[in-house]
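Every chain is named by a letter (A, B, C and D) in the order it is written, and numbering of its residues begins at 1.
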Amino acid sequence: MSPAATGRTGAEAPAPPATMREALNRALDEALAEDPATLVFGEDVGRLGGVFRVTDGLQQRYGEHRVFDTPLAEAAIAGMAVGLAMNGWRPVPELQFDGFAYPALDQIVNQIARMNYRSRGRAPMPVTVRVPSFGGIRAPEHHGESLEAVFAHVPGLKVAAPSDAPDAYRMLLQSIRSDDPVVFLEPKARYWDRGPGPSGPEAPGPEAPGELPVGASRVVRSGRHATLVAWGAMVHRCLRAAELAAEDGVDLEVVDLRWLKPIDAAGLAESVRRTRRAVVVHEAPLTAGLGGEVSALITEGAFSRLAAPVQRVAGFDVPYPAGPLEPQYLPTLDRILSAVQRTFGA
Amino acid sequence: MSPAATGRTGAEAPAPPATMREALNRALDEALAEDPATLVFGEDVGRLGGVFRVTDGLQQRYGEHRVFDTPLAEAAIAGMAVGLAMNGWRPVPELQFDGFAYPALDQIVNQIARMNYRSRGRAPMPVTVRVPSFGGIRAPEHHGESLEAVFAHVPGLKVAAPSDAPDAYRMLLQSIRSDDPVVFLEPKARYWDRGPGPSGPEAPGPEAPGELPVGASRVVRSGRHATLVAWGAMVHRCLRAAELAAEDGVDLEVVDLRWLKPIDAAGLAESVRRTRRAVVVHEAPLTAGLGGEVSALITEGAFSRLAAPVQRVAGFDVPYPAGPLEPQYLPTLDRILSAVQRTFGA
Amino acid sequence: MLTRKPPDARSDDSGAKEPAMSAEGEGGPDPRSRPRLPADLHRRLYRTMLTARLLDTEAVALQRQGVFPAYVSLRGQEAAQVGSAAAMDPQRDFAFPTYREMAVALTLGVDMVGYMASHRALWHGGLYDPMASRFAPINAVVGGPVPHAVGWALGEKLAGRTGCAVSYFGDGASSEGDVHEAMNLAGVMGAPVVFVCQNNRWALSVPNEGQIAGGSVAARAAGYGMPGTAVDGNDLAAVYTAVREALERARSGGGPSLVEALTYRAAPHSTSDDTSRYRDPREEREWAERDPLPRARAALEAAGRADAAFFDRAEAECRAEAERIRDGVSTAPEPPGSDLFTHVFREPTAELARQRRIWQEEVA
Amino acid sequence: MLTRKPPDARSDDSGAKEPAMSAEGEGGPDPRSRPRLPADLHRRLYRTMLTARLLDTEAVALQRQGVFPAYVSLRGQEAAQVGSAAAMDPQRDFAFPTYREMAVALTLGVDMVGYMASHRALWHGGLYDPMASRFAPINAVVGGPVPHAVGWALGEKLAGRTGCAVSYFGDGASSEGDVHEAMNLAGVMGAPVVFVCQNNRWALSVPNEGQIAGGSVAARAAGYGMPGTAVDGNDLAAVYTAVREALERARSGGGPSLVEALTYRAAPHSTSDDTSRYRDPREEREWAERDPLPRARAALEAAGRADAAFFDRAEAECRAEAERIRDGVSTAPEPPGSDLFTHVFREPTAELARQRRIWQEEVA
């Protein structure tokens, strides 16, 4: 670990736990410090420090050559990452919002994800594409989208979606250090939260990065009666649902999927073989969402133990709506608890 | 029906059944004839008649104003469709190949699919985006991709994928006549085939368009022991697999899904409630493919009757390969039959 | 071998980057000071600019009060927006806006309560009727609506009608691939479209220098075989005249043109933005001196077209109008949750009906 | 108000669309006829062009014999490809090709059996080593690799090295958004990249008139603040000189440039194409007279740099080389099925290992 990084995370007076924004910022800081090939770029990530301040202070610290603003051109941002990687750099581009990842999709799918394959391993793509993602912040159109199903379908990509600050820190460092391309989906709605989610186990701090391998899920609440599976901001909501269910004597396990590609099929099966019931929860529209994949994986891995079909609670098959309708679009606690009830045949 | 169209499909000497290319060409011809607002455009669709000749002769017949070549710019092709539709036209753009739909994806997802919603029904998008799709023709990179899971996930889109010539004809006319945007995925590997698939029921000819509603699947072979679900070129392969299984006394039902959004959940459940076993087959990579959705829908709709978990046979999670590896990538008859066996606990 | 030199961004034929102050703002005997707008129109557009300014100020206040979750101010761009929109024929033409064209909407007579509803997050695209208003739904994808304008214009040409599309976009948008594809398409097809780039110097935190290689959006037009004009975007008459010429050209079969209105985003990018992180307040002060509103007023005065009574009445009436809109949007009812499902398709699907039932039972 | 006129595509400073015949091809006393290439290089590049032509002819034959499922011929573009690639420094520079740059590969010394393997569909990107060859994997997305070149070049600048990227693309590609975004990015960042547009007049079935608004790709450069040059793409020395100048500029910190090589796709778009549907055979015949290969030969002869013995030997040796490559690619082993899984990730996943087992058990 670099002196710069240790200087900020070491044995000083105990600081309050970082928000997710701060945790991500620290991970970027450390990645820039430990490997001079690391580059951070995108729209407004430099002078402004990013619209969510995730890159705050990095340009001042590492200079305009390592952390820089690009023109407003998502395809070029993703495309230049390919050339930079082919020239020995470790690019960490940001796409400013989920909905604006679409213009970059051709470069991500047809180029970044395939260059290692196309070149038979000669041109690896150690690229981490950061995308502030998901909804819940009453934002304008295209600022609340969930693209994980699209990215998870792409051969050659890995896809991460942390749910709390310490894990965001660890997973981002792990992603940047990986020699494979990672699309890193940051739950905007959790940017301002500190520490792990409510009732979550005290996760290890930033000092212990990467102890879970790429692709590992984690049980953030153990339970006996049914398993809730979620990622990003919905993990928090599932933990809340579990608290409410507990008041009624229903003991829910909550699995934070964390990696949306590769998916921890074994971990899912293990949990559901125990609980015999599962509900998968996501913000993206239901149809062809990642919930279908999770449902299929659980059914394949735990069929003989399943007491009820896996339930899916997802956004509706409608374009992500504006302000007042947002809470009616996103999975509510009621919908999650109803789905749990359905697994009990109610 | 227009005189132009009837002239070609009427009571003349019985012609051999049309190939899928010809059937699609006829549907476009009829759509152009019946509604002067219909426009056909895209790369090389005019003078050349399309790289697969699907638009052959249309520019000669309807003029350069109704059928025209565009510059090589997929985002503009999709984007201009939005403006044309807002000005009263009924655009039928072509994207030359599946893999080159990605540059148009932002316009398709963020604009075409949402304009009716965004405008609260004031600016409908009667747009049919034709995309020669799927693999099996030993083509260059990006010419064998399966994007159905991506499109099916998009709220506001409908997605069609016919499997044989008569159905391609009907579904394309139905799509063009619809006031909703449809992404129309044409299985390249079937372009040269005539009539319905082997063992398929004698489907009604082009003269009886649209008798199945949007979203309806069809049973192309009835069976008792298990249900195979597929779309596009894989329907044909499933029919072959069913023939082989029949030799071993296993009686497979084959469902041609046809519409990938909306999906005929009721039809799927009905079939599998009878057969108690299901295998879904697609060319796209397994993870987050539409097979997950189909598996989840079947499990939700037929859980208590299911004798085994729904099996998925799909492309591997690798970029679509070149020539000699293509047959090893695509679902083989052996893999389909092994999956059927697994549903019998083998 | 023939080498093209990069254009001098400040030279005459690529569009001055420092907008020459129009003489209007200064009065005086310079012949260029003669008003280039008919007097009536001049007065009317001044009032539109004033209403826009007052409504913009109300909107910022509404955001502070928590009525709007966020707001994007057009302060400083009133001349560029009102001047360009006033050149349109609202019977025949059609505007394709971004998210910052409030004064265009106002000029075209869009229902402004419905327009501002988008900022209250009642409905992303706004609650006005885009087809009747000839003003497309508010669009948040930078560059995204530009090909729509070309398609609409082409549709007009194919139909043998004489309407023109006006495509609004910013300096930042000029970097997007969609804008290039759209301009090339328009050029190849001879589509009757006017591209109006409001170059307000900033794309969020990135200034022109980090955005526009070559320094001029107007200069790009030559590469598409179309006329490109850079005008002082804070000069109402200059913008109006340039766009009107471009529209006349398009209407008479002369194809597309590009007008770059050089202006300034006087406010932060949005109410969530903090300009102190990236721009020098001196720049803001400099541009405050070129504020298009006082300039338009000075021009009216210099031409003897308006007196104190006119300005007093304008102030009162425009303020009343701005307040009416403010009150209207503040009290507009929230759309019912069922609207989630109503407009997804024209031809409803069984699956969406099923989801609507779930919503009805478990959410509503 | 300053109006830019659209450039006259045929005027001197936007690049002649009808490539002026270079005097080289005609000999004679015109001072421009003096060879602009050193004699050794001139002879060497002629041989490279000849090998490319012979190999191209072999490849078309291999497709007819069913060895290649399809092939894209570069016939007619040998001068544009060999001339531009020869200007590169293969130790420092890096080329980003499309799917039609066989003669660029040949010039740069790429393993040609590995290159042609892509056309036999053995592996999409080819079987050569792109990093060692400084020639990126074959790329079938029109416009897609152009931003890669800019990224690579920027990486070179950031590292303080002096290499340049050369980005190849076609006239059709110039319409793609990616190309615009890449050029603007290069201009803003001052990236050492040379954009080489081989304008072969056709993008599949669409001629320049339906593709390039304004008529000239070179003229676009001005809009990005970079030099743009249109050269006779069938004139080996002209292409070489233009690209060399551009590379020198880039290498010495002068930023990007664009060279448009005006040439002709003498063959169909690919072996699956049928030109009779869209182009006049007279055009093909006209261009056959400007075939770059006889021109390069005539220039050598006119300059007294090569005699009959040279041409005989070149013919024999180049043919032998082309046949060696043909035989090599025809007999190259097919990659094992396990290669499906080998190169997806650097850090393998359990799921892919599971799928590989399925493949092993049920397919292999």
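Going forward, contacts are C-beta pairs under 8 Å (C-beta built on N, C-alpha and C of every residue); 3 or more make two chains touch, one makes a residue touch a chain.
Just so it is clear, the structure is predicted and the values come from calculations on it, not from any experiment.
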For the chain pairs B-C and B-D, which is connected through the larger number of C-beta pairs in contact?
B-C
By mean C-alpha coordinates, which chain is most distant from chain A?
D
Distance from chain D to chain B - Cα centre to Cα centre, in angstrom:
36
Distance from the CA centroid of chain C to that of chain D, rounded to the nearest Å?
42
Determine the centre-to-centre distance between chain A and chain D, using the mean Cα coordinates as centres, and give it in whole Å.
41
Mark out which residues of chain D touch at least two other chains, giving numbers and ranges.
123-125, 141, 175-178, 181, 184-185, 188, 210-212, 339, 344, 351-352
If a residue has to touch 2 or more other chains to count, which residues of chain B qualify?
71, 73, 75-76, 99, 103, 106, 110, 117-118, 141-142, 155-156, 262-263, 287, 316-319
Going by the contact rule set out above, which residues of chain C touch chain B in the complex?
94, 96, 123-125, 127, 129-132, 136-137, 139, 141, 144-156, 158-159, 165, 177-178, 181-182, 184-185, 188, 339, 342-347, 349-352
If we count contacts the way the header does, which residues on chain A are in touch with chain D in the complex?
39, 65, 70-71, 73, 75-76, 78-89, 91, 103, 106-107, 110-111, 115-124, 155-156, 158, 178-180, 214-215, 262-263, 265-266
Chain A partner, complex, touching residues on chain C are 69-70, 99, 118, 120-125, 140-143, 172-173, 175-178, 203-206, 210-212, 272, 274, 277-278, 334-335, 337, 339-341, 344, 351-352, 355-356, 358-359, 362-364
Residue set of chain D touching chain C in the complex reads 1-7, 9, 12-16, 174-181, 183-188, 210-216, 218-231, 238, 241-242
For chain B, which residues are in contact with chain D within the complex?
43-44, 46-49, 51, 69, 71-76, 99-100, 103, 138-143, 286-287, 316-319, 321-325, 328-329, 332, 334-335, 338
